[in-house]
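Both complexes shown next keep chain A, but they swap its partner, so chain B is in the first and chain C is in the second.
Let's look at the complex of A and B:
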């Protein structure tokens, strides 16, 4: 790359990349921090607060985003319009229902350079385990055939 | 005026002078003075004592002495890149003129304006300048939902 002309080297160093992140079954806070780091440009060694070096981040499958705990019912998004009686409060579940996202357009798909790794490991469902793994799982005791659980 | 209002340049040398041999950038020096005037006393003293030594020490510079009936004695320095600099020598002593002429011979012909950085290098990066793909693991798989 050092054989490039000065303008080509400048263009390469300050190029803006497009990242993709799949938000399926991921915590929204962790996704948000990853996005903010890349949107500011803080993942680049050439970062400076005055220069415009942030990258684009495309977040897909936001419909399947996963809050942990009871946040769907308990987390409240508040805002005030400025006018009297304009204090609005929405729980996370209602906020999520309002927002729907569409299909990724083709030109963006062609531009994507890197897919970011998901922050949370998605646990597998029982049906996704093979029979050998289920047999190999340690069990404390095996119930007899005619055992009935109350 | 502020730094933004006045012109500025980057540190440089004329044609990488000094990397190989050093070439004195002063091409020609013309001393214009009057034979009888009051302000040219110092110039006349300098011509008596210092100018020959200066010319011997700087073989690359041509020295012209031109006595004219002029009001103000001056020195005109011309450089290899075409810059012409004039300084007036009225009521200067011979010592001051020697200092001035050594200063002129040490200058290159570049403009005397604000230098943006006191350093310059032709090879700003040894290991290669960073670009977005420097530390990215290469992969052939396409990125995006069609890969799933």
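Let's look at the complex of A and C:
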């Protein structure tokens, strides 16, 4: 924060900024904590629970969100409507299927100030490595002479 | 992380490789660049047998792979000191031990010890489920048209169990007897972690 100019820091603390988070291949829990911190205004030194100093956060690519482990099948979101027989339980996969994705409207795109860094480092697929990188990596074991089928 | 440590050891091995040649003092010195692929070095040998002198050039058989940091170990991972340093994301390492259709190569051919073989098998499984090995798919029979899938595949990572074998946890239990959702695998619990936070296997 000390590397920002005075005016930029002033804007960041007192103005209501619009942040953008790309949730592609990210865990939803970590995205949610980052969003909640900024919506409450807890990232500002002038935070108070009564004052309305939270910022706006736009989360994009929620369709491509990634859960760790087997949570798509195991995690269950339960709710009760209050009426008898109204206990609803949905797995994370079913919840995800329900929601739809929308295109970002232009007015919001104009207002975005900052894009937040993603919480999880996305691993590279084997097809994303160049042939030079694959050649630079040494072969750990020597196959025997009569070995075929690789 | 595995790529970083292996490339570092490759660079130090190449440096010692070059210094060995300078010390040996061969008749013909070929400039060794920082390349891993080098031709076999030749040197000229003179032999005198009575009145005949035989001059022949001998090619020294050099392997293209530089010396691993620990050559006396049996398992290739111990030879390169990668014991607790690899993860499911190190696809360059894992791809050396798998077939083209994604299956693991047998232990008697790769030379891995039992523990490392199981760990690599687990990492390969997790990498397949995360979609990091898109080219190592099983070969379908000819003329087979795959059925159109209704749902797009969901993104996941660190999946221990297969997708179809797991049931949803409808009753989570109270705090002292919660049914946790396993993430990752306990076989990788000894991996080096640079940071204060421990590895959480049960979320």
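The rule is short, and it goes like this: the second predicted complex is superposed on the first by the 129 of 150 C-alpha atoms of A that agree within 3 Å, B and C clash if a C-alpha of one lies under 4 Å from a C-alpha of the other, contacts with A are read in each partner's own complex, and residues count from 1 in each chain.
The criterion applied here is as follows: a residue touches a chain if its C-beta (ideal position, glycine included) is under 8 Å from a C-beta of that chain, and two chains touch if they have at least 3 such contacts.
Everything numeric in this text was worked out from a predicted model, so none of it was measured.
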Given the touch rule stated above, what does A:114 touch, chain B (first), chain C (second), both, or neither?
first
Does chain A have more residues touched by chain B or by chain C?
C
Go through the superposed model and pick first if A:56 touches only chain B, second if only chain C, both, or neither.
neither
Go through the superposed model and pick first if A:20 touches only chain B, second if only chain C, both, or neither.
first
Based on the superposed arrangement, let me know which partner A:46 touches: chain B (first), chain C (second), both, or neither?
first
First (chain B), second (chain C), both or neither: which does A:96 touch?
second
Per the touch rule, the chain B residues reaching chain A in their complex are 125, 128-132, 136, 143-146
Listed in rising order, chain A residues that touch chain B in their complex are 1-2, 9, 12-13, 15, 17, 20, 44-46, 60, 104, 109, 112-115
Along chain A, where are the residues that touch chain C in the complex?
25, 64-76, 78, 89, 91, 93, 96-97, 123-127, 129, 133-144, 147, 149-150
Chain A touches which residues of chain C in the complex?
3, 6-7, 10, 36, 63, 65-66, 68, 76-77, 79-80, 88-89, 91-93, 95-96, 99-100, 105, 109-112, 130-136, 151, 154-161, 163, 166-170, 172, 181-184, 203
